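Down below are the structures I want you to see.
Both complexes shown next keep chain A, but they swap its partner, so chain B is in the first and chain C is in the second.
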Partner chain A sequence: MDTLLDIRNLSLEFRTPRGRVKALREISFPIRKGRTIGIVGESGSGKSTILWAILGLLASNAKVTSGEIMFEDRNLLALSESGLQAVRGEEISVVFQDPMTSQIPVLTYARQMFDILYRRPGMSAAEKRRHAVEMMQKVGIADPESRIDQYPHHFSGGMRQRAGIAMALLTGPKLLLADEPTTALDVTLEAQIIHLLQELKSELDTTVVVVSHNLGLIAELCDEVVVMYAGEVVEVGEVRQIFHDPRHPYTRALLECDPARIEKASRRLPVILGDIPDLAKPQTGCIYATRCQRAMPICRTDAPPVVGLTVSRFAKCHLLAGPHHDPQWPPPPDVLTVPMGESVAAPRTVGRAQGELLNVTNLNVQFQIMGPVSAWMRGITRRHVDAVLDVSLSVRPGETVGLVGESGSGKTTLGRTILNLVPAQNGSVTFENREIRNMAERHFKPLRRDMAMMFQDPVGSLSPRKSVRALIVEPILIHGIDCPDLDAEAERLADLVRLPRPLLARYPHELSGGQARRVGVARALALNPKLIIADEPTAGLDVSVQGEILNLMADLQAEHGLGYLIITHNLPVVRHISDRLAIMYLGRIVEHGPADEIFRNPAHPYTKALVEGVPNPDPDRRRTHVSISGEVPSLLRRPQGCDFVTRCPYAQDRCRIEKPPHSRITPDHDHACFFPLR
Partner chain B sequence: MYIYLLKRLGLAVAVIGAVILVLFSLLHLIPGDPATIALGPRATPETIARYAAKMHLDDPIWKQLLVYAGNALTGDLGLDVFSERPVTAMIGERLGFTLALVFAGMGWAALLGIPLGCLSAIKPNSWVDRLTGILSVGAIAVPSFLVSIWALLIFAVQLRWLPAIGAGEPGDFSDQVVHLVLPAFAVGLGWVGYLARMVRASMLEVMGETYIRSARAFGLRPRKIVFGYALRVAILPTITLIGMGFGGLVSAAVFAEIIFSRPGIGKLIFDSVMSRNFPVVQGAVLVATALYIFVVLISDLVIAWLDPRVRESL
Partner chain C sequence: MSVNRSDLNSTLPAGTAGGEPLHVTVADVRESASQERRDKLRSFLTNWQGVTGLALVLLFFASAIFAPWLAPYDPNALDIPARMSGPSWDHIAGTDQLGRDTFSRILYGGRVALKIAGIGVSVALVIGLVLGMIAGYGPRWLDNLLLLLFDTVRSFPTIVLALATVALTGPSLELVLIIVIVTSIPGYARVARTATMSLINTDFILAERSLGASTTRILAHHVMPNVAGPLLILAAMDVPVVVTVEAGLSFLGLGVLPPTASWGTILNEGYLVIRDTPWMVVAGGIPLILTTLGFTFLGEALRDVFDPRMRKGG
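Let's look at the complex of A and B:
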């Protein structure tokens, strides 16, 4: 088979104030024509840097120190800027990570696509437009003839990514690069985009490179996989070889940590201990040695041998060959090679039957969308939308409740309303049997000690000008609590969340994602709360690190009997740590019950779609269909009848007229569907 | 869109109403009788009484206010105390000169400042950028009356390239243009600096956006990316600044008009204040305010025209 792109011995460094960061070290792998290659790795692995190196769009402080990137017979690294410009978009094109920010907001799609076709002097304007319309049609945009004249903000998230794919394929490139193409999208849309890429791949005969941290996406889409760690390729192979017979300890660990692969419900998740090494410092031996459970003395001194049969199937590890070859490695698939965290969770002594910590009953939150004058002039009588609609929910001490929904489901609004940050229109919120809804802040403030929030963006929610030490004790100062030794308190909290004490002197931007999360947990714990509301506690974290945070939260719960309300869109993660799940759609809870039961046997079609939407990290279990189509409608256009009716594959006439009430399957499992799936 | 326009026009009327109220109260808040103030200390009691009766100063204040507001809205701004000519006509004669000065000043500032800002942003920290930065800050820092005086001394007195005073012969267009050069230069110089800095800052921000990287990844030409994509977004805040700058320039024009002895609203206000010709001051300030509101509205509409997101939120 012909090689389309050949990366040979590529090394690259970034010049930073901290020194030269060796972001890529001696990368070599071929990309064969017509194949789909997945580059998988965690943040800092250098996977995206490879893409930008191929395109010649590296940051200005980057310098290629060795190697070449052969595209057909040209070395892309040796091409002039104008030579590269001719290749970009024409022969090599890109699908970007976030369609919300990667398309210019002030130009129509027609204009943007027209601009991409500027190198086609033989095409008339009408031909270019017809070609663009055809491409929009091909990626599944209904009514492309008129929608092509719209701007990106007229398109919903999923449609924007479809348009992004249409733009990338417009010129019929030989190589398509996809940089985390579904990371910014919700689960049900992710499934649709994966499906679209699968279809286009077989239809257009393009070579595709997919860069992602999402093992499920890679398993569903790719033929071959390149596993990267800290700037090096550690293993390369066919997709089945990588997922079913991984050789490198890192590949193995990565697969074991993926919550979507863990079948049996367990409160704890496996983790890869330690942090990615500092690439500004010189590295000797195996790059993974500091975190590897099987590390031997030789791993820290000698570079591992490249063990493999061909250029397209190899792994770099001392365990596989040489004097330290271990014939027992790798162990059978059901043996765990990574630890389940540092400590064993104490048995959950705090009784769950002690009554309710938090109780939300029929809560409604409305947002006003226009002023009275505008509404009157437009003849609109309803000036508000229902962000939260008749929601009832409870959290008991020592219990974890997962609140799951896609963006726009109102889950974050619900969390903020409970914390009295957003006023509610009616309904009731009680905390320890005390009504707290819309309580005046001066009465509510003492209660804030008992209810803490973990914010979604760990770094963004920390003041950049305060040290970690100051940030951790900040809640104590805000509440004016008498604390004789703040330093000792900061150290106690840091120990509690297993944050190394030297980090107390640092500032938020100097922390890794996992460390910043730990600071967030420490802040939430500073006042000894009874309830913690965690908004996407693992968003933006690598799989190896998210287990650590969730295990930490589980340990703290076992120790202190905390109640958790975890707001998330990540169903596989929340499944393992929750006692109960509530699924939200358009501001309503559509299903509510024991986590494992909901996951195994969903009653509501939307829950089923969410469960099935998660791509399975197993190339033998690729989906052949998408469970639901369409996207979450705007709150302004709440459907008559059931909220989910516009996307439900099982919808009947009755669903279009009446709103289904909540009905119970068992005393603690209810749903809002006329025709439940069980 | 129409609702938005109606809202803005309603707001404009309210602002003008408030300005009328303030101007009117100022006159009455100044200690003493308006007629005495208007006519000066040497006026005889008879003149004052005659004046008060003619100007309806005997009427209750609210009635005077309503009459003035009503007249102002129909275009009657009262009479000059000395010449007894209608204020509206006096302003009308001079408005054109001020507008020409302000447009010319802002025009050349935009034509020079915006490209300079772009150039600096494309190659940050290059010598072009550094030089532009130094010159911009310098241009912003020097007061415009100083620029006027130096420009006058160098180009008109020393080099004798351009005329020093006046606005040129009526009807002779090229003569008027030649007379406009120095004042426009003086009025606009600071704005070259402002605009260059502003455009540089917003261009740098936009050039870092993901969609610019997308455009590069699609292989678009660098010139297309800078002017067709980045500038289209980066220019939006600059337009707001220019809109507000017009308002500021109407008052900055006072210096230029005095120094170059040009007729214009600024000079009219200055002269009227000096001679306590209050109806003229009132009228001229009112017209300047209305002008300001109008230009800001226009700049908002231009932004709406350029940015579909703003256009649709109207």
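Let's look at the complex of A and C:
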């Protein structure tokens, strides 16, 4: 098979004041024509840097120290700027991660797409437009003839990414690069985009490179996989070889850490201990040795051999060949090669039947959208939207409740309302049987010692000008708690969340996502709360690290009997740590019950869609259909009947007129659907 | 705190966490904090802008404070025969139309500039910062009220405001100071307000609220450090503006009265005689330029050093 792009021995460094960061070291792999290659790795692995190197769009402090990138017969690294410009867009094009920021907000799609075709003087404007409309049609945009004259802000997130794909394919490129194409999207949209890419792949004769940290996406979409770690390629192979017979310990560990692959619901997740090495320092031996469970003395000193049959199937590891060859490696798939965290969860100290810690009943939160005058002028009687609608929920001590929903479902608003950060219109919130809804801050403040919140963005939720030490002891200062030795207290909390003590002197921007998350946990724990509301506790964390954070939270729960309300869109993750799940859609809870039961046997079609929406990290179990279409409607356009009716594959006439009430299947499992799936 | 030490030990992992050893003492942390301060100082001292700025600002302060000792002549001593002379060994910056030594007048003029710029800018900065943060963080009606106030003040031309006030009080240095403060506050307040508004919906402010931090604490500890940076730059660049406002008012007879020397009066008098001698304008302009540069460099260097996000590398 022809090689379209051949990366040979590519090394690249970034010049920073800390020294030269060797971001890529001797990368070699071919990209064959007509194939889809997945580059998978965690943050800092250099996977995106490869894309920018191919396009010649590296940051100004980057320097290629060796190697070549052969595109057909040209070396892209040796091309002049004008030569590169001729290749970019025309022969190689890109789908970006975030369609919000990669499209021009002040130009219509028609105009943006004309501009992409600027090198086609032979094409008339009408031809260009027809071509653009065809492409929009191809990516599944309904009514492209009129929508093409709209601006990006008229499009919803999923539509925008579709338009992004259309723009990338407009010139008929030979090579399509996709940089985390679904990371900014919700699960149900992710499934749709994956499906679209699969269709386009078979329809158009394009070679695709997908860069992602999402193993499920790679498994569903790719023919070949390149596994990267800390700037090196550690393993390359066909997708089935990588997922069914991984040879490198890192590939193996990465697969084991993916919560979507873990069938058994346990409270602990496997983790890869340690951090990615500092690439500004010289590296000897195997790059993965510091985190590898099978590391031998030789791994720290000698570079591992490249073991494999061809350029497109190899792994770099001492275990596979040479004097340290271990014929037992790799072990059978059911053997776990990575630890499940440091300690085993102790039996719960607090019984579950002690009554409710938090109880939310029929809570409503509304947001004003316009003032009385403009509403009167436009003749609108409803001046608000319902962000949270009749929500009832409870958390008992020592229990974990997962609140799952896509963006716009109101789950974060609900969390903030419970903590009295957002006012509620009506309903009730009780904490230890005290009504706390809309309580004056002066009365609420003492309660904040018992209820803590972890925010979504681990770094962004830390005050940027404060040292970690100051941040950790902040709650103690706020509540004026008598603490004779704040330094000792800061260290105690750092130890509690397993945060290395030298980091106490650092600032938030100097921390990795996992470290910043630990600081967030330490702050939440500083006052020894009874309830923690965690908003996306694993957002922005790598697979290998998210297990560590969740195990830590489970340990702390087991010891202190904390109640958790975990707000997330990531169903496979919460499934393992939750006792109960509540599924939220457009501000309402549509299904609520024991986690296992909901996951195995969902009653509401939306729950089913969420469960199926997660791509399966197994190339043999690719989905052939998309379970739900469309996107979450705007709160301004709440459907008349069931909220889910616009997307529900089982919708019937009754659903369009009446709102389904909550009905019980078992005493602790209820749903809001007229035609439940069970 | 009911989490006791034995709890702690049971959660402590054996060996290492995050790849770094846990055997670190308080002393190590303090050591690294003082290392941090040394790093800040070093990064400031290796920044040419910072060093130049600091040197110029120190020169400004020193020359103003020690003017009586440094000045070779009395700033008001007349030497009619040597009037409007160029630079010479006797008068290194020349003399003015009354034969007064320009160099001495510059040194004494620096005292006026220091008083007006130093006091005026810093008072305006503090009031503007506080009002701006309140407007940005407080309820909508308060924001609107303060904005109305700022716009009202800004809509007055400085000179008209000065004329009106002089009619009531008569011209004086204090009056110039008050006018400078009142007219500068809206500028700082608006910048502080916008910066505050961009912060109030960030996760970290919400996180502080969820911990129970009071509004005062949030503003003083978490908002102010993040909005003060741009204000300091603004203040540094405002110093020369204030000096020129003083000059303008003095020129109109609304500020510093003759024979008191100020850079503004030197420039204005020099402007009147520029056909006869350029030296007064040159001599009056140079300190203004150096002071402007000095404060600007200093402001930018301070921002680079004290904003941890601007520091490069880890």
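Criterion: the second predicted complex is superposed on the first by the 678 of 678 C-alpha atoms of A that agree within 3 Å, B and C clash if a C-alpha of one lies under 4 Å from a C-alpha of the other, contacts with A are read in each partner's own complex, and residues count from 1 in each chain.
By our rule, a contact is a pair of C-beta atoms (placed from the backbone, for glycine too) under 8 Å apart; a residue touches a chain by one contact, two chains touch by 3 or more.
None of the values given here were measured: they were computed from a predicted structure.
Partners chain B and chain C, brought together by superposition on chain A, fit side by side with no clash.
In the superposition on chain A, A:R517 makes contact with neither chain B nor chain C. Vertex at chain A: the C-alpha centres of chain B and chain C lie 30° apart in angle, rounded to steps of 10. When both complexes are overlaid on chain A, the residue A:L462 reaches chain C alone and has no touch with chain B.
In the superposition on chain A, contact of A:F96 is made with chain B only, not with chain C. Once the two complexes are overlaid on the shared chain, A:K138 sits clear of chain B and of chain C alike. Shared-chain residue A:R449: touches chain C; no touch with chain B. Once the two complexes are laid over each other on the shared chain, residue contacts for A:R396 go to neither chain B nor chain C. Here chain B and chain C are compared by how many residues of chain A each touches, and C touches more. Minimum Cα-Cα distance between chain B and chain C in the superposed model: 6 Å. Of the residues of chain A, not a single one touches chain B in one of the two structures and chain C in the other. If you check the complex, the residues on chain A that touch chain B are 55, 57, 85-90, 93-94, 96, 98, 101-107, 115-116, 118-119, 151, 153, 167, 373-374, 377-378. The residues of chain B lying in touch with chain A in their complex are 3, 7, 209-221, 224, 228-229, 232-233, 306-309.
Across the interface of their complex, chain C is touched by residues 16-18, 273-275, 290-291, 342-343, 416, 419, 421, 444-445, 448-449, 452-453, 455-457, 460-467, 469, 474-475, 478-479, 481, 483, 487-489, 491-492, 495-496, 498-505, 507, 509-510, 514-515, 520, 523, 525, 528, 555-556, 559-560 of chain A. Residues 1-3, 5, 7-8, 10-14, 16-22, 24, 26, 28-30, 32-33, 35-36, 202-204, 206-214, 217, 221-222, 225-226, 307-309, 312-314 of chain C touch chain A in their complex.
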